[in-house]
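Here's the structure we're looking at; comments come further down.
In order of appearance the chains are A, B, C, D and E, and numbering begins at 1 in each one.
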Amino acid sequence: MEFKLFDLSIVEYAFFITAVLIILIGLYGALVKKTLIKIVIGLSVLDAGINLLLISVGYVKSGTAPIFSPALIKDMPLTLENIKKLSEGMVDPVPQALVLTAIVIGFGVTAVALSLVIRLYRHHHTLNIDEIKNLKW
Amino acid sequence: MKKILVLSLLAVFGVYLLEVLFKIDFGHQFFLHGVKDFYLTTSPDKMGVANVVTAIVVNFRGFDTLGEVTVLFLATTAMSSILYKGRHQLGERAVLFSSSRIVMTGSKLLFPAIILLGAYVFIHGHLTPGGGFQGGVIIATGFLLMLLSYEDYKVSHVALSLVESLAGITFASVGLLGFLNGGTFLQNFLPTGGLNNLISGGVIPIIYIAVGFKVGAELTGLIYTALNEKD
Amino acid sequence: MVGTPVLFIAIPLLAAFLIPLLGFVWKESVRILPGLVLLYLLYLAVNLMGQVAHSGTIVEVIAGWAPPWGINLVFSPLTGLLTTLMILMGFIIWIYSYRFKNIDFREAVKYFILLLMMITGSVGIVLTGDIFNQFVFIEITSISAYALTAFYKGRDSAEASFKYLIIGSLSSMFLLLAIVLIYSQLGTLNMADIADKAHLMKPGFKILALIFFITGLGIEAEIFPLNGWTPDAYAQAPGPVGAAFSGIVVKAGVYAMIRVIFTLFDVSGTHQFLIIIGMITLIIAEMAAVKQDRLKRMLAYSSIGQMGLVIVAFGIGTEEGVFAALFLMLNHAIIKSLLFLSGSYLVYNSTEKYIHETDGLAKHLPITSFLFALGAIAIVGMPPFAGFWSKWSILSAAAHSNMILVIVLILSVSIIELVYYFRVVNRIYFFPKQKEVEPKRPTINALIAMSILGILILVIGFYPDSVTGYLHSASQSLLEKGKYIQDVLSTGQLFIQ
Amino acid sequence: MQEILQYTWGALVSFVVAFTVGITYMGLNRKITARVQNRIGPPWYQNFFDVLKLGSKETSIHHGVMQHMGPAFIMVTAVMSLLIIPILNDNRFFPNLNFHGDLVFLLYIMVFGPLGMALGAGQTGNPNSAIGVTRGLSQMVGFEIPWVMALVALMIQYKTTSIVDLMNLQAETGRWLMFTSPFAFLAAVLAMLGMFRYAPFDIVGAPQELASGPMSENGGKYLFVMMSAGSVFAFAKLTLYVDLFMGGANNLIILVVKTFILYLIPMLYGIVSPRYRTEQAIRYFWGWPSLFGLLAILQAVFL
Amino acid sequence: MNMIYIVFIVLLGGALLTFFANRISGLLRDTFFLLTILATTVLFFTKIHIGDTVSFTLAGLNLKWGLDAFGWYFSLIVLGLGTMAAFYALSYMKGKDRLGYFYFSFLISILSMLGILMSHDLVSFFIFWEVMTWSSYLIVIYSGRNVQKNGINYILLSALGAYAMLTAIVMVYANIHTLSISEMINTYPQFSHVQQVWLPVLFLMAFSVKAAMMPLHVWAPGAYSDAPMAYTSVFSGALSKMGIYGMVIVFVSMISYLPDDTLFKETFAWLGAITAILGTLWAIAQDDARKLLAYSSIAQLGYIITGVAVGTDLAMLSALFLAALHALFKGTLFMAVGAIERQTGTVKFTEVTGLIRKMPWTFIASLLAIIALAGIPPLGGFVGKWMLYESLINSNHYILVIAIFFASTAAFLYCYKFLFGFFLGQEEKEWENVKEAPALMVLPMLILAAGTLVLGTFPGILLKPADAAMQTLGYASTEGHLWSMSILFNEWGDQVLLRPLVYAIAGTFLFFLIILTVKGWKNTRYVSTKDISSSGEVPLEYENLTFSVNFYQPFLRAVGPVMKKRMIYYYREFGSGMEALFDYSRRIYNGNGQTYAIYVMIFLVIILLFKNSIFG
């Protein structure tokens, strides 16, 4: 599919564009900002962007959540055909599961990063990454 | 200079990424042989789990979740290892808040409700949106609230690590039980029950409850450790 | 039947969760339990290796769902070999660090949990057959590695760890992006399935995913411009952890990358790219190592260089090349670990770890110095020690592919390597000891651990046939992409509930 | 057995001849030099007396065993070169070891003496001796180059390393090699200037600077042997030149005449020359003489 | 079990036993050491016969060991000199520390040399070659002097050579899929032209390093002088001959196939000659005996290389002969220096003089060795030199012969310096109490020196195995045609009968020596060297009469321009330039985590931009 600037279909890609923008913003923060905290924030933003991207990949137009709740099933007998029919209207559950994992991992990394920032501040009494260069060459 | 460099790098990166992403027909998955259809049908059909995401998280990709739990466990371990300063320095609050009585009382009132909500979320993980992680996080917010309101609020480290470990052990042992039962690791060995019943889905609720405890305890531990960090 | 591959993950995890509990009961158990676990896993690995050699690849499904729906573990000759190697190295490192430095109980709990998890994560990276699961294991490994890097408080370890973390986060970003791209095209995450269907991907996706994989995993595999974290982390981490980095973690990173390149995407030009990038890594790293004045940084750069060489060997792409690369990975794991382990006793009480602080220590630490010298001689590829055989196999593989320039470059770089290693060894043996240096005698555990590695170097050096058989079947199993796909995808049907 | 006797007899006779002629030449040298320098000078037979005097003197001190061995070495060189070099075209009269008068062997046996002298001088402990020796050896490296070049040119031109062959060749063709290989001759003769150590190449034993160099400390029997060896060796060398370049000699008289003419070259050159320093001497030999040597080789190769 | 294995096992086991016995007792260690080397020698020469082979498979490679006449000839050098040096070492090394280490390395280097000579395949050849390198390196750094300079130089250049050889070996392996040396030689004519040129170049690089050929010789002076003299004799005498061994094989089996217009042989012959000249000149300039001998070794190896490169029957014969002879006399000389070093504590000509009466046996051994080195007739050196010159002249290398002759004439200068510096000259008070070295040191020297004496008259003893060795290489037998027991022929048919000449020399010498000694025996007495007539005065006690500084100043001035800069200067310049480059390159790692992250992005973007050209 070709990308045309003035095509209305660009709206459809808003998710992707936003996700990529968030990724880029996060990256910018991580790569340019001098303060350690901001770098960590950048990394978190980055994670969020990726998660958004992951989720939007699994989106199915006007799909429901992948839950066979009683409201959805109503009184249908749960035959395989019915399940299949119901499932066609559902979004892809796999990216959601993956995002769950990715969020938790991102959280873990952020926690470690923040504790490292605390250590670094304790050691160097600064949060400027340009001044934390004891190890080089 | 650096900014310009980074911006141009990011621009190139973004353009290339978007160029590819625009080739995805948004909202229409075109792959035919993907795994999702299997999950969507098998989950309610064979496993009696209404929430397919839960089925995926806990069973189909339960191994990921085990890893995920491990990551959290490692994050707490790592954090306490990184911030550890010697055996006598732990246990003192570094950050002190003086909250008003209203906040303190309100928190006290809210706390059980939050815990209850968390427990609800992870117990019903296989039926409704939510699950162990979400529930655990909610529980942790409860503790966070208490920690913010009361400057002398203490959480027992021993209890935390006991809960953490036991929950983790439960997860791993349930997995191993499936294995020892003649199946494979993490395989369901309990009856699946009916769809949309609370007691259904075999081992999935058990694991999710364990996960909920674990996540709650770990997040609380993380917050607690960070709060107790003193310069 | 002594067990299945999943125990490589499950038992250490169980143990890791148990360790804090057991610590309440008996403090020493915290140190002992990881060793017992690793010993059992070593036994298991050796048994499974025999089984694999006998009856072919073991594919184990998890949770009863056949691939591609469930996650599966693949214990092929290749992954089995790497697993065995990692467990073995882990066990040796455990022996070594049993009483390494005077850390208190609470620290010991964390140290051993993290170490065990780092090993488990690396083993998981190798064993798993699922691309997202691999990502999870990479994160497990990384987080343990960040924490272990920052383990010592008195040094700049947090700085090193933070650098590692920034780059590691980028790595996980790229991995996730690649997974997104693959999933959006194929809807599957199983590696065999992806490999099977890779031709269905639109070319743009395929290339981009490959690039993201190379970038993301290249960070773990220490490819040149991506390896800024490496020297810092290696140098600042505790000695045994440095050994674990070069002996275990990097190997897992390289494996992941190679699996992606060899099995998942068969894109032409990748091999040449590997050769070029590996060569650049090798050259820059060895050049940087020459002027190092700190021992562990020097070892770290050397480690990067060796990894570059491994990647070059993989890039050759023939069975011989893969064989050589695996051989080099094996040797490098053993030798570099020995160097890190013995080296960290040579600079035990120093904060800066300057090379000149090792001057004249041979008189005070004879066995440690001897083992360090042995490692140095072995790693530069002097026969009849282990390093020679891997160097020989790389060169002959390159020669069979008519890559004379590669041979010349590898050998010229080897000369550089030789210079800086021998300079250090000379210092240890022949320079007068610095007055302020107080050498620390290695504990008996450390001596045992180092001696095992030294003996391994000699055994492989004098009788390479002891490992070449396994290496050959491993390299064949890497190259037989079709067989891998078939092995994984055909096992499944039996296990659907 | 008879052969050995014959050889010994020949050796003895040739030794006596060489000794006599050599001493005479030295005496003549002194006389002629003196005359040129407008002095009267000693009689031509003065050197006989000198040698006799030295031989009959009683030596009462020595500095060690090498002092005995040094002169013996020199004598070996003198005698051996005399034995190797055919004295006359017809070998019957002096049937020495010259049936295999090999040039390479000769080259090496000729440096045996200087080394022996150097060792003997070194033993004495006199620094002047050592200084003289170093100068002498250095200078030797200088003149050996043109000399070897000349010989190599001859060898390759005539495809033989034997002196006897070269002599026979000249006898057969009737052409002297000094005319057929003029560059070789030039190089060899210039090298000979150094070999004789007359001025300008006499820095080795320069009396004014070194108090006589290697020879100092040696008196009596040592100097006697050295002097006799020197004169024998001088004659041997001259004979070699005659053999190589001037067609040899059919009888002793022609030999004496030819050698004397040849001997005049270094002598006269020396009389009118100042003294070179060692490095100047070396550079001198590596200059024109070596160039001639090179030309000789080129001539031998291409003509 | 095959005897070949047993020899290696004996050596390796003996080395290890020696190493570990060091902890228990010195006597045990010495016993093991001596027993090992003796057992090896005996087993080797009695139980292993020419033609024995064993083969086995290691790491998928077919390896083959065996002994041929050519290897046997060189193992004669190795074991002969090795045994002598071992005896010598027992006494020389007495009282030094780390002896287990020294003896271990000694034995391992002997093992590696035998291994090289018995390797019939390229991989074991290379393995033993490297073992030889590091075992000798261990000894070079044994003393701990200048390890960072000389040790590294040695190992660096050795590695350069070894890796060049390794490149060649893998090229061969990739081409013919076999490692057998004879197979390589047989198929060599079928290689592509580029390979035909490069293979010998690469091989010769390795061999030139060990044979200390210009311009790869720079390690030699330092390494030779830093190793203990007990080993340097082996180092210079035997180990460097491994380079010659390899060169001979390469020249005979490869380069002789190359068309003449490649000028390969000429270049190498000239490199050999230049090595000889420069080595000699630098030897003249040395004040340190070890350095002098080291440079002299370089020069002598230069002759041998020239002989090998010229490669005619006579030249090859002379090279082989000189190789063995060099082991004899250079072994002796290094041992003599060792003896002096042990007895006086210094090896500088400027410091020690007048030892002739203190160490007469050492002097005699040195004198014989020096005469052999200089190539003066009655000793073996002359035979080798004669054959070399004749072969050069016979094969139309006119300028080369001049160059070689220049080098060997100039060699007299340092020969004399050696003898004068140590033994002659003033007998200083400082060295009054110096004693002769122990018998265990003197005897090996004398035995080796006697070897040169015998070979001067009966070179056939050595030429016979040399001839057999050459027949292995494909030469026709030259016995009776170029040599017999004591007659030498050149290729034009001219001959030298050694026996009458030697008898004449000996007779004359003895005759005049007796005359000189006997005449006035009773009245001639020894006086101190202080008691000299210096310009008519008897010098005072404190006057310095020792002439040793700037010994050959005039000569060095004459050759000055050649010697302004040593080759190592250029190496150093190169080395420091490279190190500066390396130092610059590592600044990429500038310590800022963000920069590293930016590198990651740059890497990614570069691949993205060029993805079409990278991933075709």
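Everything that follows uses one rule, which is that a contact is a pair of C-beta atoms (placed from the backbone, for glycine too) under 8 Å apart; a residue touches a chain by one contact, two chains touch by 3 or more.
It should be emphasised that the depicted structure is a prediction, and the values quoted were computed from it without experimental measurement.
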Identity of the chain that, by mean CA position, is farthest from chain A: D
Inter-chain pair with the most contacting C-beta pairs: D-E
Chain whose mean Cα position lies farthest from chain C: D
Inter-centroid spacing, chain C versus chain B (mean Cα positions, whole Å): 30
Approximate Å spacing (C-alpha centroids) for the pair chain A, chain D: 102
Centre distance in Å when chain B and chain D are each reduced to the mean of their C-alpha atoms: 107
Numbers and ranges of chain A residues touching at least 2 other chains: 23, 27, 30-32, 39, 53, 57-58, 92, 94, 98, 101, 105, 108-109, 112, 116, 119, 132-135, 137
Touching two or more other chains - residues of chain C: 132, 136, 139, 143, 146-147, 150, 153, 158-159, 161-163, 166, 170, 177, 184, 187, 189, 208, 231, 288, 291-292
Two or more partner chains touched - positions in chain D: none
Those chain pairs that satisfy the touch definition: A-B, A-C, A-E, B-C, B-E, C-E, D-E
Chain B residues within the chain E interface of the complex: 2, 5-6, 9-10, 12-13, 16
In the complex, chain C residues that touch chain A: 132, 136, 139, 142-143, 146-147, 150, 153, 156, 158-163, 165-166, 168-170, 172-173, 176-177, 179-180, 183-184, 187, 189, 231-232, 235-236, 288, 291-292
Footprint of chain E on chain D - complex, ascending: 58-66, 68-69, 71-73, 75-76, 79-80, 83, 97, 100, 102, 104-105, 107-109, 111-112, 114-115, 118-119, 122-128, 130-131, 133-135, 137-138, 140-142, 144-145, 148-149, 152-153, 155-156, 159-162, 165, 211, 216-217, 220-222, 225, 277-279, 282-283, 286, 293, 297, 300-301
Chain D-touching residues of chain E, taken from the complex the two chains share: 354, 356-357, 367, 371, 374-377, 382, 385-386, 389-390, 393, 396, 398-399, 401-402, 405-406, 409-410, 412-413, 415-416, 419-420, 424-427, 490, 492, 494-497, 500-501, 504-505, 508-509, 512-513, 515-517, 519-520, 523-535, 545-547, 551-552, 554-555, 557-559
Of chain E, residues touching chain A in the complex: 586-587, 589-594, 597-598, 601
